[in-house]
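Note that chain A is present in both complexes that follow, paired respectively with chain B and with chain C.
Here is the complex of A and B:
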């Protein structure tokens, strides 16, 4: 907490310059003390620590690799936590004379109320170190996760302006309402609209202090030109700060010269004008050219990607994601090395899943236009393509799940299962190639044994009933923390149990059996029992599907090609 | 019992009504604006019990300023126990808080109309709100016994917000206490336990005698009157004999 009283008194007693000195000198002296109080305020320090912990939790507990066009807004959201505590601290400091019933005593000091208010506003410089440390610490925490892209300095700057604006608002509140509840309500007033922004129309999203849930940015493969309006939002917050500061000064100026009052009025008008103008400009829709480009990239990603070929496999990634290429290649190459023969060309490409019906992205456009974008962006993925979802790839050091998913998708391609048919998804029910694909993926990616063990009886995945044709069987699914490949493939528990039995046999023996009759094993008519017999093992017993977990999913067809 | 009407009048007058009503009215105003925006935008899916709870935060913050008895040093020397004032004030806030919550639920029902959102039973919502409400009270009661008693509410409210944020957003804790991850029975059990613990802490913190009075009493206890008298007699005896 800050103590205005001690600051005022110390300035007077130390220098004695206030009575005869220039007003700005008194403001400067008081501001230095107030700034120092803010630097070491427990509230400000708590806000700083909470902000850093929040950034750490967002980026280090989330397995996904950060993308800077989302991450810099997240760092700004952490600045919002600091802004709330700064607002409260500033309100407590500005309201102290009246709250403690010492307004008369303060009135007897040489420094007038307006001088003290100006000092409080100038003293907000004391929160800059905390805000800059938070921004710098946030950048460092994100950078350690090897993010995609580069940070936008304007977004980081807007976060710092947010903290200063909150401090000015706190000072304005404190000069009029000294009760601490007013500061708390002010802090909540800053926070609640941000939390509840999903309830606001898309165009009003930028009128709240910060855009807390930039989900729409996580779907795109780079920065969109003109969106988000970082510069305008920084100006919007700066306008709010000027307006709040002017209000604080206006509330405490009595008997001042007309010139000063005119200056104050002009500053208030400028602040209000900037606030309104930038508010209107921010509410403009996302540029149509950017959305058209996004539609084209979603429908045909290769048009915007850079492609390279390695080991006869074509890898296509968006320009920003070049650093991830080697991570995509590793599990594919490992699996290809196990194959007796390749079925044909393979392309591994990044794909986009953009929800054009989200009003945060397409506000301001007609429903017909949105539906057109939605229809134009739908694309069918060929069976020779493995899609990798943008925004889902994990940060390095956490690649086990992703590697297994990519290996599994490659194995599905290798055994010629086309999981998506014209009528929907299909399942290779009681087909030897299903077990072979799982065995190949386990061998290539070496997923953690504990996680494989957990894959049986995983709620919502394994054990739940699925209808394939006219048969209800138990599904199998690996308990991924996130989905990397698109589209996914549905497996059965019978296929996994046979693959698991295969992993207990010597690898050379299994490879020999597979190599000898590779074409036969890829035939959809070759069943699990034939593979088990060729390997000399008993067909594992499959438990009955669990019926208790709700209705049976939509029926799958049996893969026939 | 004859003193009860006087006591109630005194407690009612001492209650910080402006603070309490400011918090509650802010909650209602906030939820009303939100419901209005949702209705205008034809998207009432954002309105549910979770939104009601979130909009009650201002009222919860106001509770942090209720527990402090303004003239506790004075009431300590009266025949009435000192905790009666704080406890009475807390009891008076209950109907105000219930009314605030009821108004918000009515607004929710009016806004969502024929498509009410999926809702937990009333007792589950009540238990969660009880947990939220007892946290600032416990924190403020503890601060009121420290040298920062003047800032009891200002310290207790942020502490409460932090605790609520931790309970809501920490993955390990949230899955037991907050929808949609938590099961109904774990929500009820968890928040009941939190409310019980907070009320226990409140009772302990509000009980009579501040620590400085306790020190005075312990100093007084050392020279017990009978020993002093006896000692005097023993000392005086040789002199008088």
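Here is the complex of A and C:
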């Protein structure tokens, strides 16, 4: 070959173009554009809004006070919704040239397919604002509910990594499959294993993009060391993102330099290694020390709680829950102020109901070990203790139900009803003290009248028949959304109706009657009719007790002490 | 090919021994060409290999054999191919668009793909090609709202981004109305004379109007290179005008004046010889190639 002309390369350079190789500048410039497209993408915005609405629904439609060790993980679950739409948007972007019939034109440009793919991957920075707004908005929405604890930044970070990893996966899919259906299926594919996680063995739940149902966290009084394995899961997702990005680039690196191919292979190997290693590491069982501690805390909560005494009542709460102490105290103090006399010392303490058989908590341990934990964690609550279940206390603003339940539990203690017997639960059937306890609780906590009105029509609670001894009677229960006290007490409709009649009398008159013969009223043998007579009212009509037609499983006994 | 001696110029595009097959179909067969600065019209029937040739010139496709040298740069070499692409503007035959992009955003995006990184210069360049193609008032419109003709102009606009030294236009006037075609001719005429422009079209009158050079591609082979006048001259003495149709003609059709135009070896009865046009030359060549 002979060459004419003074140079191999033309000396003429177009305005604005870069004469030498400029793949990185092309990547950066294209990435800016792609990022801006993603920022404004209706899909991404829809994901953001859906995520925020989901967080709002989780924490604002649910009356329970959020606990950050559940809430931060839930915010990550909301990021999954954004991740799905980001995957779809990234797939659409990466498949755009082929889908729009412009592949030939694009192939004529100096910016190669791998440059464009790299730009799409770098452009995923455009979803960061949405992801950060979702995380920040989620934190704000939770914070407004006065949650317990503080958010774990690593969990929130892992949620952001989830979105980026989904974007990288979308880019890889779009590079190979430009049809929108591929993006849709990819998004659903991201969600499907999460939905199916309950069918997976416990340790496998970390292999799905996000563990969507962290319900087991809602019953523990704080963070368990290394659980959930947020850092490892973030690394796991990052490994997946690197691998997906590498696949996307590998699909478009026809004719690139060997050095770049080697770099890509190395990156892919690192991504795969991180994915596998963290996949194995995060599936390790929850450290035995943590579960042992949880067992001990469940069996004997006071061992881990901080206790204070106010008005001769001992309050014990787990360290994280100090802020709720005044809320626990209020209904107890209000009720104690109504009592003519106290039966003895009272302790109000938080209690745990942890299900150690939940494989999401105890995966990796033998059934024998799990049963041992389960047995070791069983606690018995004395009659001088009012237990408050961790995870059930309502967010401030919804305290009426909880206050009434605590007041009722305090009143039950005050009238010396011990609802738990050695063989099960008992009911203070036709005992004046039952109506007195309900009256005291109504007076102390002032539950909403409408709810009290509804309390008789509550399905499964009030009005439903229960067997007490050999008798079937009509039950009464307050229609609360969550049971905050433990153990609960079963009341009868007759007791409630008498208490309701008492509320129509002047308070001073009722208090006088009660104070005059307090010891008598607390006697299990003092019946409703005697109390009604002392108050000068007719005994409210209740459905006549019916004899049980046959043996009923787990009937209530009559409280005798 | 490596042993082939080829004189390479930094001002021309040279094609040598280019062949390309699609399965059993031979799209290009040993095509050799030198494209000089100025406009070269590429004529040929459907399936002649025009689009394949243009896509190889645009470095989109690679030939099975042969060599492409653009301004002294070898398209087989990676870095040189990239440099060719920097100097290239290409309008493929069937171009759909990112329909949700605005016109300006689309051109800006393409400008980045063409390595125009400076934002200000990119904006100027986009404004320039919009003005050239008469799309200034459509800059903010989404592509999906454009008519077919406007989209074709947008395709031309993107090809003109970066003032390419090699401009490859595959049927650029398809979908344009007569006025737009005239504007297109005007546009091409205004381009720098030292650019190499290759224009594939079925419109022989476009070739006659604006192309100093013509290449006729038939059955994957170059059958003619020269000027439009020379192409027309290939039919000299074989184009006739008569009042009646003559069955011996290779081709005949009735013109707007009601007289029959015949292309053939034998003059029809009462016919008079007329000066051939580019179209006549092309048709004569097509017929001859078909007869072979």
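Quick note on the criterion: the second predicted complex is superposed on the first by the 531 of 561 C-alpha atoms of A that agree within 3 Å, B and C clash if a C-alpha of one lies under 4 Å from a C-alpha of the other, contacts with A are read in each partner's own complex, and residues count from 1 in each chain.
Going forward, a contact is a pair of C-beta atoms (placed from the backbone, for glycine too) under 8 Å apart; a residue touches a chain by one contact, two chains touch by 3 or more.
Note that the structure is predicted; figures quoted are calculated from it, not measured.
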Next on the checklist: After the superposition on A, what does A:200 contact: first (chain B), second (chain C), both or neither?
Outcome noted: first
Checklist entry - With the two structures laid over each other on chain A, which partner does A:85 touch: chain B (first), chain C (second), both, or neither? => result first
Checklist entry - For A:109, is the partner it touches chain B (first), chain C (second), both, or none of the two (neither)? => result second
Checklist entry - By residue count, is chain A touched more by chain B or by chain C? => result C
Next on the checklist: So in the superposed three-chain picture, is A:33 touching just chain B, just chain C, both, or none of them (first/second/both/neither)?
Outcome noted: second
Item to check | Where chain A meets both chain C and chain B, residue numbers | outcome: 1
Checklist outcome for this item: In their shared complex, chain A is touched by residues of chain C numbered 4-11, 55, 58-60, 71-73, 78-80, 82-83, 85-88, 90-92, 94-99, 108-118, 121-122, 124-125, 158, 162-165
Checklist outcome for this item: Contacts from chain B onto chain A in the complex sit at residues 19, 22-23, 26, 30, 34, 37-38, 41, 43, 46-47, 51, 54-55, 57-58, 61-62, 65, 151, 153-154, 157-158, 162, 171
Checklist outcome for this item: So, in the complex, the side of chain A touching chain C is made of residues 1-10, 12, 14-19, 21-22, 25-26, 29-30, 33, 96, 100-102, 104-112, 116, 255, 257
Item to check | chain A - residues contacting chain B, complex | outcome: 1, 43, 46, 50, 61, 85, 88, 92, 179-181, 183-185, 188, 192, 195-196, 198-201
